[in-house]
Structure formats: structure tokens, C-alpha cells
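Okay, got some structures for you below.
Presented sequentially are two complexes of subunit A, the first with subunit B as partner and the second with subunit C.
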Partner chain A sequence: MFDLLSLKILIFTPVLAAIIIASPLFGTNFIYIRRFAKTCGTIHFLYSLLFIVFYNFGVESFYDEIMIFGSGWLEKLGINAAFGLDGLTVLLAPLTSFIFLISLIVSKTMIRTKHKMYYSLMFILLSTVLGVFCSKDMFLFLIFWEAELIPLYFLISEWGSCNCKHSAMKYLLYIFCGSIFLSVAMIGLFFYGYLSNGELSASIDFLRVSMTDGIFPVFLKKLLFFGFFTGFAVKLPIIPFHIWFTDSQSDSATPISMVLSAIIINTGAYGIIRFNLDLFPELFIKYSPFIMIFAVINIIWASLAAFKQNDIKKTIAYYSISQMGLFLLGLSSLNKIGLDGAIFIMLSHSFISAGLFLITGLIYQVAKTKTLQELSGLGEFMPILMLFAYVINFAAVAVPLTIAFPGQLLVFLGAFSSDCSIEPLAKICSFIAILIMLLAASYIFKLFHKIFCTSQFYSTKKYHDVSGHRLMCIAVICFCIILFGCFPDSLMSIYNNFTESLLEILRV
Partner chain B sequence: MQFFTDNILLIFLLPLLTAIIAFTAHFFKFAISQKTVSVISTVTSIIGAIYAAALYYTYNNCNEITEFSVGWLSIGDLTISAGLLLDNISATFLLILMIVNIIIQIYSSQYFNNQKNYNLYFGYLNLLITSITALSLSSNLPQSYVFLELTGVLCYILTNFNYEKSQISESAKKSFIINRIGDMLLLSGIIVFIYFVLTYPISNNSELLSYKELAETAADFYVYLSDINFYIACILLFSGAIVKSAQFPFHIWLTDSINGPIPVSALIQSVATVSAGIILTIRLLPLFELSEPVLKTIIYIGLFTSVICAFFASGQYDIKKMLAYSTSSQLGIVFPAIALLNIKNTLFYMSVNSFAKVSLFLIAGILISFIPKSSSNMLDMPVSKHQYPFLGFCYLLTVFSLSGLFFNGFFIGEAILGQLLSQNKKIAASFYFLYLLLTSFYLFKSYFIIFKKNKKHFAEKNKISSCLIIPIILSIVFIFYPVFDYKTIILDFSKNYEIFKLFDIIPVSVPISVIAVILAYFAASNKISAPLWFKKLSLNGGYISNLYDIFIDYIVEFFRNFTNIIDYFFNFTAYIVKFFSWCVSVSQNGNIQTYISYAIFSSAVLLVLYLLLIAGIGGI
Partner chain C sequence: MDLLIFEIKNIFLPETIIIIAALFNILLSLFFGKNAYKFSERLTLVSIIISLASLSFGISHCGYTIFSENFIQTNFTIIMKVLILLGAIFTVLLSQNISKKLKNQAFEYHSILLISIFASMCLVSSNDFIPLFISLEILSVTSSLLIAFWNKYKPKEAALKFIINSAVATGFLLLGISYMYGISGELNFSLLNINYYSQDTSLLFGISSVLIIIGLTCQLGCMPFQRFVPDIYQGSPYPIAAYLSVVPKLAGFGILARIIGTLMYDTPILQFVISFAALYTIAYGLIGGIRQTDIKRFLAYSSVSHCGFMLLSLSIFSNYGVSSFIYYALVYLFMNFGVWAAAIIFVNCSGTDNIKDYRGIFYIRPYYTVAFLICLISLAGLPPSSGFLSKLYLFIALTRLDVSGLPILIPASLLTVIAVFLYFNIISLMFDRTPKNNCIIPAQHMNTKIVVYFCTLMILLTFFFANKIIALSMFASIGI
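Moving on, here comes the complex of A and B:
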């Protein structure tokens, strides 16, 4: 059974699907292309679910390596194409596949041109994101990280609206600038590992060992930490590097927005856990007060900025940023509760922001606008959408028994009980974060009421409520939100070992 | 009886199942008709009431506690469990809830007749009932929080039920956000509490979080924390109850929420908010009673609210607003009753208050439906006592009970007052008298205005459906039928007047009410009148709502400008880059003449520099 569950298959079948779609097999028949894409997405999602089913709850499992003629990939340089899943990524991989499946399904009516290119780019993007999550090798991670830029750049610029070309360029520049820091830090780490140990290897496990027992100069370590952190902070995004995110969110098409906020942001969060926390634990402990302050600034700034937006999508983008601030707050508390909470926020945020963007997309489809002033009274025409919007909005403000609540509770509690070096800082940060989350309630519900309630919007046009595949997608998201909200332990037990191992690294 | 205790989960499952049926009926319209849904809903509510009565008679006179729990969320080494706690408090709450539930269900089935969202309404209503049931049975603090917030959310959804009207949706939004403030304060209190349990040396069991063990935990908590920290933690926890029970300064959400449908308002104001705020305070009492300042704060917040909201209520002509303020005011009396550590009194008072509120709201609902334009102004109500003697009689009975002149209301009022006096709380007692005066005043004033003898516009006599009458009769019966064994209350009462003598108390409290009634009679017929500014202050609820608006607007406006800074900074950087690129683009325009002129110009410059350099060296 283990052979069947190969990470190579998981990561590279989307590329295969992309090639088939791009090939002249389907000609210009976009219906076949779409059906094929959806089928592939579904199969891929089911396949990725199998990894959870057969996950053995060890710290590490499903190790897989690409061998070329009996030797590793670029073995002389110490770079191997090694993949593996641990407690966190075994959840992130199916989540990625799930969000892609949903966005492929809703693409039916939202993407109307260049189907062939669109679906093949989507599959390439899926493959690169999975590669980022599954890489056990630093340079492999970097390759997938950079490769992610290309499909996403075209996806934003080709199918967006307004000045999407500009936003896509912004996205490219920002992430690329971040990647420069990242790659410099990686090269530095790689060569210093070689100098101190005499062995060329970019494997993350190897580097972790060499970091702990090597004679690393502290200053170099700090530089590397800073490089990694900047690279991931741009992607997360941490204020002030967030402009690319809000702009590209507001201009890209709905499925792309969903992927951007639900998945692409998670890669940044994953990177911080994987590199900054895992490789530089003592520096992370040292800098955790600063990271905590960054996190709180992120939450406050994003919440306040969300108020003034006229664009629905931008408001939701700011909501995502504030959630990532919560993630960072949980992470910087450096205890079991905080780490559990941070990872839970990663997962819950994916579902919620995907749901919020989906709703926005559905509204955009009928009302042809995403400006807040021009919308009102849609609840009269779309009661079913409104019902689902209720669920997702309540989840967004972390009402209990929805998926966001356990995460937020754990993060607040973790931050409150963290043994931060500056004594009352953690407690103050935790309280501020709690109070600021009030603002989330007020801007999310301001949006909701403006869109769905009040009927100053008299139009002769009859809007159709959601139905068919769109109804199914949004219902599935709502179902997940409530299901995992009622049984949070089902998710937490899977990544429990992962946080335990992180804590062990931190304790050393 | 054993059956009921063993299958306690049924009491949640019945309304939950009904909710699911109603939602199914709403979304798959072919499945079940409206009538069936309402019948199912009413029948399950009656079964629930029977169930609750059985539980009540099992648990009432014994201190037996049944508890069981399962793990829900693991926090580090600690597990938050989801459990049930059955004792006399939760049994009493359940009984009140279930009886009010029957009343509301029957009334709603008529009130929402032939509306398109009929089934949806019943779905939400039953979900709300499930949530309040779970709240009253919850066995630990985090679980209470979960259902407290869920109750708030469902109240919001029901208030926002007719969301097409912008006024309704705006006020629903406002009430929801103010509710969130309370939730967040409570959450921070809970976080402090859990933090204590986590850092407590011998805290390896999750039992510490449950209410059953709270007394022991609280004692340790008290020793562990400094006085001021303990006080802050307790007030954070209590603030959840303050907001839910609409105490000053958060009472404004209740006056906003009355814009919803009448049965919903009746339910929110009689059971939902009451049980939410009060059961939390009762459960946390082992914690609060350790510190005298906390108890004092509870007493004075309650009494102050009861007076100030009674004052606001007395200026209202909108019957719904008046009732909302009166709810806040009457709940204000419950808190001193809790803080005096007399749970029996509290529960008794709550039952009186709940049924009275339901009956007033239901009567108001019928009266409002007579007004052609949708308004709830008392002066517009074209009814008279002779037209609807039954309604007038019911209204009068309820008002008598609420103003402490009659039977149950009288007994409970005297019991609380006696206790205040016996603990030598003179200021508190004088607050109570003021409250009594104002309450009797505005309630009787509303009665005299609505059921005036000579009204100008007599509407035709409308026929009132029996589905609307039966609930009113039921609620009146439960105001006067002593469901909750009030023998102990009367015993307390008699004990009190042994100490203070019957004539010491009755001449004070009853005459106050009587004076208020006389004042109300004259005020209703405009024979006496307060100064205009005084009236305005009362009518506008002390302008507290306006203060909220101004405050929020100001803050949002301030930060709106503030958050632009980053955008400006990045745009500025972009402009600089653009400027340089423009400079470069000017120089590289592909024109051969330009290049030649650049070449000549720059070689000239170089030449000059070269000459200068030589001259310079020569100079040295």
C-alpha cells in the first residue's frame, strides 16, 4: 500500500494533467477541457486524502526521493529531490488540493476565455505549491517557491479585471525581492554548513543537525535568520509588505483570489515554521518579543485599514492579513498552546477566506460590481447565498462551533501564557489582539449588511440565487467550517506530534 | 423519573431535530407544509416542557448533581470538555425556558402566518432554544461561553429576520456588535482563568474548569492572585453577564434589538438574555463571593441600571422601547439578588419577570397589529378598555405583579428588600425604592395611555385569533401560579418581617407604588408634566446611543486617515523609480542626432574636466 502512496505521484500528476490539457488532444473544446480538469482535480483530492488515512502519526512518514539512474538528483552538489510529509504538511497537502478543486469547479462561469491556458496553469500552480509543502531539501524548496511565481503571474494578469497587469507586476516584484533575501540566506546556510562539516548537503534534516552542533558564528546566524524571515514575511504578508497582496486580490478573478488567500499565504506561514522556527530556534526565542509586536501591529493595522476600503475584495484581503497576524502571534508565543493555535489558524483561515472570496465572486457575477457603495439589498434575491454568507461571516468573526474559534482561543491563550523575555508584553499583546478582533466583527458585518440587507437597491433586474455547482461549492465549504468547528480535536490530533517535535527543538 | 435523567440528551435533540425539519421544509419546499412544521414545533416544545417539569421535580428539593462530560478541545495538557450539569438551578432554568418556549411557539405560529419565511423562522427559533438549553445545562466555563455566544448570534439572526427594512438591519448589526464587546471581555476573563488553571501547580486534571469544582479552584485562585488582579479577572468575567443582561452602559443593544419581530423580542427579553447573563453569574458565584468589592460592584451596577433604565423607560411613548428599558431595569434587580447569595430568590424573581415580560410583549404585539401604519407608539393605539376588556385585564394584572403590588411580584420584591435591609445596605435599599417608584410609574402610565376611556379614533373591533389569546392566558397563569416553590420565599419573607416588623416594610414599599400609580394617572392625562429637558433626556435614553455613534465615528475617521501612510510611502517610492526611468527614457529615444549631441556634450564636459584637472595639478 505504501508504494501506491507516492509523493512523486501526488506532486507531479498535476503537471501531467497540465500537459494533457495543453496538448492538442482536446482541441478548442473547452467543455471537455473543463470536465477533464475537474475530474483530475477530484481524483487528485481523493488521492491526497489517502495520505491522511494512511498517515501513521509518526513525526515523519511518506519519505520519497527521485532517483535518476540510481543516484540522487544533483547528488554531487548535495542536492536531492527528496520529498516527505510530516504532521503539518499531511494536512496542508489535502487542503491545497481541496481549495484547488473548489476553485476549478467555480471557474466554470467565472473564467470565460483562454480555457486551455488557464487550466494548465492552474495545475502547474497546484504542483508547485505541493512541491513547496513536501520538499525535504532546501534548494528543492527554493525551486518550487520560485516556480510558483510564473503561473500565478499569468493567472493574475490574464484573467483579472481593472488594472490586473499592474497588480501582477507588483506581485512579481514584491515576491521576487523577498526571494532574493531567501536565496541569499539559503546559499549562505548551505556553504557554511559545508565549511563547518565538510559535507555538501542541502537536506533540511541535515542542516538542522549541523546548525545545532556546528560552530556557527552568531552574526551570520542572525543575518540568515533575517534573510529567511524577510523572504517569508513578504509572502505572509506582514505589514508593510502587504501592498502586493491587497492589490492582486482585488484585481484577480475569483478562483485565483481564493487560491491566493487560502493557499499561497499558507506557503509563507509554512516557510516561517519550517525554516525560521525549525532551523534557528534559539534566535526565534530571542526575537520572539519583536515578532509578537510585529504580529500585533499586523492585526491592528489590517483591521483599521479594512474599515476604509470600498472594494469588498480588499476588505477581505485585509481580513486575511489580520488573521496572519494572529498566526504570527501564536507562533511567537512559543508554547504548545500557541503553536497549536497558530497552525489551527492556518487551516481555518484557508476555509474562511476561500468562502469569503467565493461569496464575493458570486455577488460579482450577478451584480457586476465589487464596490461597496453600489451594492445593497441582495438578500431579497439571494436568500440561500445569504444563509451561507451568515455561516461564513460568523466563522470569520470566530463565533464558537465554527472553525475559527478554537484557533483564536488557543492563540490568545498561548500568547497570554507565553514566557516571553519581556514580562508583561505577551499579556498586553494578547489583550490587544482580543480587543482588536472586535473590529473584525464590525467591518465584516458592515460589509454583510450593506450587501445583503436594506433595500435601497431597486433594480428591474431579477437576480438569480446560487444554484448548481456554485451552491455545492459553498455548501461544502460551510459544511467543513461547521464540522471542524464542532470537532476541532480531529484536526489537532493529526498535527499534535508535529508541534511536540517543534517544542522539543525549542527546548534544546 | 430515571428515564428523564438517563436520556437527558433528548432535551437538546428535540428542538435540534425540529430545526432540521424546518430548514429542510424551507429549502426543499415540496417536503413539508407550514402547518405541519408549526405543529411539530409546538408538540416538541410541549414534550420539552414535560421533560423539564420532570427534571424539575427530581432535582428541586435535593442537592443532587448529575454530571457527565466528553473531551472537546485539548489545550496543551488540559482538555476542555463538553458536558452536562444537572442540578436544581439548571432544572429551574429549563422549566422556565420550556414553558416560555410553548407560549412563543403557539404565538409565532399565528403571528407569522402565511409569511414566506415561516419555516425558516421556526428553524432559527428551535436552534435558539437548543442553544439556550445547552447554555443552562453546560458544565464548565468555556462551554458556557460557547453557548452564550451562540445564543447571541441566533438572537441577532432572529432580530435581523426582516432584513429588508434598513432600520431593522442597522439596529440588529449594532446590537450584535455590542454583544461582541461583552463576548470579548468574557473571553479575556476566561483566558485569565484558564491560564491560572494551566499554571497552577497541581492542575493536571481538567475537572478544575468545571463548575462543580469551581469552589475549590476559586479559593486557590483567590490566594494565587493579588487583590487587584483578582478583582479585574472577576470583573472581566462578570462583564460578559453585564452585556448579555443589558446592564448599563451596554443596555442599548436591547433597545436596538426590539426592532425585530414581536415573538422574537419576547423570547430575547424574557428568557434568552436573562438565562444568558444570569446563569453565568450564578455559576460563577463561588468565584465572586470571595471578594467583597466584586459583590459590591455587582450589586451597584445592577441597582444603578435598574434606576437609570426605569428613568429612561418612563419617558418612552414607544411601547417596545419602554418594555426593552424595563427589561434592563428589572434584570438590574436580579444582580443584587444574586450578590446577596440568595439563589432561590433570584430564580423566583426571574420566573415572575420572564412570564410578565412575555405577557406584556404578546399583548403589545396584538395592539401594534391594530395600528394601520407600522408604528408602536402608545398614543396611536386606537383601542379602549371596553373594546378589549380581556387584553386590558391581562395587561393590568401583569403590571400589578411587576410593580410589586400584588402576589408574586410583591413577595419577591419584599424578600429582596428585606435582605438588603437586613445586611444594612441602606443606599442599596434607597435605590430599590427609587426603582420601585419609577417602575410603577411608567408601567401604569402606559396602561392608562393605552386603555384610555375616551379615545378619538376608535378602530373597528378586530377579531383576535385564539392562537394569540392562548399564549397570553398561559403566561398570565404562570405569573400567578406558584410553579417554583415559593413556600421558602414566603418563609424568608416572614422571617424578614419578624426582624423588621410587618409595618416597617409594607408602609414604605406599597405606598411608594401607590403614589406612583396616582402620579401615572395624572401624567397619562397630561394633568402634570415634568420639565421639557427632563422629558427629552428620558425619551432619548440619556443620549447614550448617540455617544456610542459619535465615539465610533470619530475613531474610524481618525484611523482612516492614519492608515494611508504606508500607501503614501510606497507610492512615493514608485514615483521616484518612475522619475529615474523617465530620465533614462528621455536619454534613450533612439534618435541618432540626440546620441551625437550627447556624445559631443559629454566629450566637451570630459575635456573641461581634464583641463581643470591638469590646471589643478599644475596649481599644486
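Moving on, here comes the complex of A and C:
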């Protein structure tokens, strides 16, 4: 539509910014580096908003392809560097950019060393995540998926606390194991696409067509489905594979925790929608009861584990995991309401977990601890922080007029009304999930009550309340939470077409 | 006579230039004084570059056999020779430091190096078992000479180990060749190909194939002979170890690919043997590398694992397999020389081999460490480096358009997880927050730096412009 709105620019300008930051241009003057980074982040966010503004509903717009010497990037192997946006990713891309901008702004006081490396790695990470969301080619997806490992490894290990080296290695190995499953499944899919159509192509649209040909042996199809699901389950994270997430969350610095829980998890959720649901609809229908059980296990386990955590960051990490369980529950209900709810949970969880981690980061900055026992009575000194914390807290337990409410409501409605193959399962699952989400309300309340409202017992030090850029960041997040809570339709109308097309695939 | 001139002029010119340069090096050592090592270096470098350029004369004569069918010129051999000569250029650039120490002996050193390169080139293009055997012998003798050039205990020990192992391997090779001769009465690949290809499925033929492969694996450092590789590399000086880890291996893999492509055919047993050897080699290299504290031993184990991957690509028995091998070999050349050159810079500055001393090097020399990092990431096989793409291409080729490759694909891809762990251990050391090592002074070795940065650049370029290279490798894999 517009030459100006190019996905290449959206994806690769952050790399350019990273190179400029890493070059000797700024010397060691970290103030300029930080300002430059924030400016770039702002421009990038505004630019990504243009994609929503000019998004052409209904048709897939913003297709873009990188040509090298007049041919596709790896045409010989059927791999093209093709990018595109659909109804879901047109929301996810600006969201990514927004969360990165917020975390770049709050890095001012939270990152005190190695500014040059930090900001350039953040921009490289932004570019890889956008690549994951935008790629229209299976192997290109894999490349961005694996390229994400390197900057995030350094971000966790270099600016973390305690055991961060260990956690970073854990993160790396877990996700790489998952991506091995992904790559084997992708290679299998690639060749069956070739066998059914006689054309080597890894384009997702092409594979969707060739999957319906029926040449696939059912056993192999199951194997591929399992491979994809395992790969994304590690990232999501689904319960047996969640150790990397809680560990790296508790050890990494606040801005990186925000990015990890708000964005990186979303890539896993996006992958399940993009590959498992989109390419294997009949298997997804067949296995939806199991996925539903997985989802409920996720919710129960995460909520119970969150109760016993001493580390407030770990508690919030378990909150993220339970939200992802809700996402899976909505997805496995396989009707319009449930799918709408699942996608809304993806979006709402980004805002809420970013807000929660930001608050823990701010608390850590003043109190120098993130152990729950040592924290109490901060509300006396920090009323403004307490106010915003309670707004996010209410959002986290899905109070109406906050962003989480529509998502959870839709998920539960969808799960109740789903025509799952095993009859009472869906109803039982959603009933359990509702009960457990009440539990979620209690642990989040318990956490904030202990931090803010009990009387202070250990220190007479005076704490300063939040102000300046920190106040602005948290206020913006709260504003978004309330705005989209009051007008959820503004988001839903954008991805409405996407869920419609998913349902069409499921009906066939 | 005319025929001989034609053959030399059009096909054998690169080898001729190399051997003339080697002889000149010996001759000139009589006339020049102690400080002429630079002259020797330049002479060697220029001759290698001229030889590289003269390869272009042969392009229009592909498929020709020369010297009564003893050598052959194909697209594949030309590409392998380009890789060998590139490796030779890197080696000469890297050995600047040691040739300075050698003074007048530098002529001798370079001539042995050139003869070794000559043998590698002959090995790749040999079309008969006799020239194959002779060039293999020259290659192993010159390799052990290069190791033993230093009058110290460790290099001598390493050279002895190498000689003994290659002698054992030669025994296997000779046995295999004699069986082959016993079945067919032929030693020439072309004749064997015409008479025996797709006819003989007897056990004896299979045994002789396996024996020939075992005989070649000593040069490759693959399965039965992988154990001595770390010892040898630890004993030899850095540039020689870098040379041994790439150039003779590429020559050995080249001839192995040609033997497999022309003589052997796709029997399940042979496939099983090769892929089992490959998987074992990969696992040995990766698991053995985890506990190493010496950078040379670490890199030796890493090169063993990569040779396993290259051997795996030869187990595919198709054009796809050879093409993926060529791409892997090209990438391996750059990433391995890059990482060895980075290690050379470090050892020249700090004087230690210990991996622990790399702690915190990023905060002292950031740009150097980033180049090192890119090489290591490429070795680990993560994007955006061509190490990822070469493994992906190998795995794609492994499936062979059906599920029969799956039992090999899955363990091979699971082993790459260990690779990531292995290389990120070093990387996490380099970025550690407490820099211990303060003895690093600015490196003065321009040539080594050139190699590091050039290799890093090429690792990225072969990723972004992989289409051309894969097209080229597919073209070269046809008439192997």
C-alpha cells in the first residue's frame, strides 16, 4: 500500500540502531547512548503504530520480501525471506515495540553498567522478536526463533543477580532443546510439502494448502504435531518445562524480566496458533481434550506454587504461567468466543505482567530486597506506587473494567460452551479453572497486602516515592490497562478477521 | 610431449605452481641470510594466490583425465582445491609469528607446507588408487614433519603419534585396495566405475569399501582414529594445528566423497557404517570437549565433532549430500580458521593456553571478542551465522525425501544441544564480570587480525548470500 510502510524497515531498523550504539560514535558517554536508544525506541513504536492505522481489514496486507541478487534469500532450498502481517501480528508488533520502549525507559536507573552492550542487545532482541512475529516462512521463523537466544542469553546473564549465569544457561538449553524439536518437525513438514506438491517451499501459506492434500501418513502427522507442540510448550511454558522461566525471571534485571514475560512468552503462544492450530486443525481438534487438561494442570500447579514462593518475582512468574494456562484453555475450546478470549489473554497478559514486574523492580530499588518476608509497610512511604500497584493488582485478578476481565470472561464462556469430544471434560475443566483463578486473586492480594499494607517492622529508613520517568512508565501501563479494559472491542475488532479465518480452517 | 604440455597447462597448472614454489623455497634458502623469512613468506603467499588464480584455466576442461587417467578435473575438485588454497593462505598468514622465530629455516618450513598443500590437491583430484596412496603418504609425512619442526619434547611426541596412527591407517587402506584389486583387477576409478558400479554387491566389495574408508579416516580424524587428534593438536604449534584441522581434512573428505560417489553405492550396511561412525565421532568430540581446560584440546575436540558432521553428510549418497558437504566444508574452513586465529592472538598476548584465562576478555578487547564470539556461535550452530545454515542444509539433505533419514536425523540434531552448551561455556567465561587477566597487551600481528576479521565477515556473508553458494555447490556436486 505505502512504500513507506515496509516490514523490512520495521524489523531491521533496530539492528541498525544497535550497530550505531555499538560503534565508537558515542564513546563512553552513556547519557547520549541512553537518549539515543530511547529516541529510537519511540520512533520505532510510532512507526509500528502506523501499521495498525493503515491496516487493511480482511486481506492480508503488508507483504514484503527480501530479494538478494534478484532471487529469494535461499531460493535453492525453497526458503524465502518473506514477511507479512495478519490480524494478530499487526497487534503483536506494536505491542512488542511498546513493551521494549517502556523497558528501555525504565532501564535508566535499573541498568548501571555496560550501557553500550545493553542497549545494542536490547535492539537486536527487538528485531528478532519482530522477525518471529512477521515471518511468513517456516525456516525464517526458526532462524529468528533461534537468533533470539543469543541476545537474551547475554541480557539475562550480564545484568542479573545471584545465579544469573546459571539461569541464562538453563534458558539457553531449554529453549534450544525445544527448537530442536521444532527444526526436526519443520524438516519433516518441508519434505511432505514437497512430496504432495512437487515444489520445494517452506512458505507457511503453501504448506497450509499442501497439508490438506491427504498425502501425509497420519502417524507422521501426529509426530510433527507433537514436535511443534513440544517446541512451543517449552517457550510457553507448559508445566514440566517451566523451570527456565521462573529461574531466569527471578535472576534477571527488571527491564529484562518485563520483556521476558510480556513478549518472549507471547512468541510461544503465537507459535502454537500459527503452526499447531493453523497447519494441523484436525489434530488440534482431536487432541484438544489433552491440551485442555494440560491447561488446567498449568493453572492449578502455577497457582499452588505461587503461594509458597518467597521471592516476589517468582510469584509473578507463576502468575504468568497460570495466564498461559488460561490461554491454552481458551484455545482448546475451539469456538469463536474461546479463541477471541485466548488471543485477548495474550495481549492483556503482556500489559499486566509488564506492570507487575515493573512494580517489583521499583520495590527492589527502594528496599533492596525481593524476599517477601523482609518487605512490609511500604505503603506508608510510597502512596503513589501503592495506588498504581493496586490498579495493576486488580487487573491481575480480572476485576471488571480492567484489561484482564474480558479475556478471562471470554475464555471461561468459550470453555463452557465448547463442544469437546469428551463430554463433561470441558465443563469440569473450566469450572476448576474458575475456582483456581479465585486462588490467583488471593495470592496476588496476599503479596501486595504484605508489601504495602502491613505495619513496617524492620527499618526506620525513609523511602522516596516513585517520580519522574518511573512514574510515567507505570502510569502509562495503568492507563492502557484501564483503557483497553473499558473498550476491549477496539482490540478485538482488529483481530476479529483472524479468528474468523481460524474458525474456517477448523470447520473444514 | 604436446599432450603433456596441454595437460599441465590446462589442468595441472595450480599443482605445478605450488611444487615449483616449494622447490624455489629450498633453493633460495641457500642464498638468503637470516632475516629473509619475510621474503619466503611473500613468495609462498604469492605462489598460492597465483595458483588460486590459475585454477580458472581448468574450468573449461572439466571431466578431463590426465597423466593416463591418473588425475581428473571436475567441478568438485576445483571447488575443493579453492578451499584447500584458501586454507593455505590463512595458514601462511597465521604462521607469521613462528616463521619470524625460525629465521632462515622459514624457507624450509614453507617448502614443507607447500609440498603438503600439493599433496592435498593431488589427493583430491586423484583418479586411481596409486596416486591416491602416494599423495596420502606425502600428506601424512609432511604433516608429521610440520608438527615435529620444533625441537621440543611435545611436538616430537605428537609427530610420533601421528606417524604411528597414519601407518596403521595406511595398512587398512592397502588391505582395502588389495581386496578391491582382487575382485576387479582394476585400480582406476573410471574403469572400476564402468565395470563394477551397480553390479557387485558381494560381501568382499563391502568389506573393501569399509577398509578404504577406515584408511582415510586417519587424515579425517574420524571414528576409529579420533582419539589421537587432541594429543596431536596440543603438541603442535597453533598455526600447524589450525592447518591440520582444516586442509588435510578437506582433502581427505574430498577424495572420500569422490570414492563414495564413483565406486560405492547405496547399500544399507555401508550407510549404517558411515552414519554410525559419524554419530560416534560427533558425540565423542562434543562430550569430550566439555571438561577441557586447554584451548588447543578444546578446539581439537570441536574439530572432531565437526568432522563427524561432514562425514554424516557423506553418508547421504546423493547430489544433495555432496552439495551439503561442500557448503559445510566452506563454512567449516572459515569458522575454524577464525577461531584458531583468535586463539593465536590471545596466546601471543597473554602466553597461556588455559581456557580459564579468557575470563573477562570482552571488557579489555571488545571488538576482538565479538569476532571470536561470532566464530564460536557459528561453531555452535546458532543463527545468524552460516554454521546454523550449514547444519540446517545437512539435516534437510539427511531426510532424503522420505522418513528413512529420521533415525539419524534425530540423534544428530539432539547432539547439537551439547554443542551449544560446550561453546557457550567459553562464551560465558569471556563475558564474565570479574576480569582476572590483565596481562593483555595490544596485539601487533596484523596478519592474524586480518584472518580473524576476514573469517568473521565471511561467516556472516555466507549466511546472508547463501543462495549463490548453495547453487554453486549443487552445480559442483553433479559430475563428481
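Rule of thumb we're sticking to: the second predicted complex is superposed on the first by the 504 of 508 C-alpha atoms of A that agree within 3 Å, B and C clash if a C-alpha of one lies under 4 Å from a C-alpha of the other, contacts with A are read in each partner's own complex, and residues count from 1 in each chain.
Note that in this section a residue touches a chain if its C-beta (ideal position, glycine included) is under 8 Å from a C-beta of that chain, and two chains touch if they have at least 3 such contacts.
Fair warning: this is a prediction, and the values are worked out from it, not measured in the lab.
Residue by residue along subunit A, subunit B and subunit C are tallied for touches, and B comes out ahead.
Using the contact criterion defined above for the overlaid structures, shared-chain residue A:147 touches subunit C, although it does not reach subunit B. In the superposed model, A:431 makes contact with subunit B only, not with subunit C.
Once chain A of one complex is fitted onto chain A of the other, the partner contacts of A:73 are limited to subunit C, with no touch recorded for subunit B. Of the two partner chains placed around the shared chain by superposition, subunit C is the only one that A:195 touches, whereas subunit B remains out of contact. Of the two partner chains, neither subunit B nor subunit C is touched by A:289. Of the two partner chains, subunit B is the only one touched by A:401; subunit C is not. Touch criterion met: A:488 reaches subunit B, while subunit C stays clear of it. Of the two partner chains placed by the overlay, only subunit B lies in contact with A:384; subunit C stays clear of it. Judged by the document's definition of touching, no subunit A residue lies at the interface with subunit B and also at the interface with subunit C. Across the complex, subunit B meets subunit A through its residues 27, 71-77, 117, 142, 145-147, 149-150, 153, 157, 160, 163-166, 169-170, 173, 176-177, 180-181, 184, 187-188, 191-192, 194-195, 198-199, 556, 559-560, 562-563, 566-567, 569-570. If you check the complex, the residues on subunit C that touch subunit A are 377, 382-384, 388-389, 392-393, 395-396, 399, 401-403, 406, 409-410, 413-414, 416-417, 420-421, 424, 428, 431-433, 464-468, 470-471, 474. On subunit A, the positions that touch subunit C within their shared complex are 68-69, 71-77, 139, 142-144, 146-147, 149-150, 153-154, 157-158, 165, 168-169, 172-173, 176-177, 180, 183-184, 187-188, 190-191, 194-195, 220. By the touch criterion given at the top, residues 239-240, 243, 301, 304-305, 307-308, 335-337, 340, 377, 379-380, 383-384, 390, 394, 397, 399-401, 405-406, 409-410, 412-413, 416-417, 430-431, 434-435, 437-438, 441-442, 445-446, 449, 452-456, 488-489, 492 of subunit A touch subunit B in their complex.
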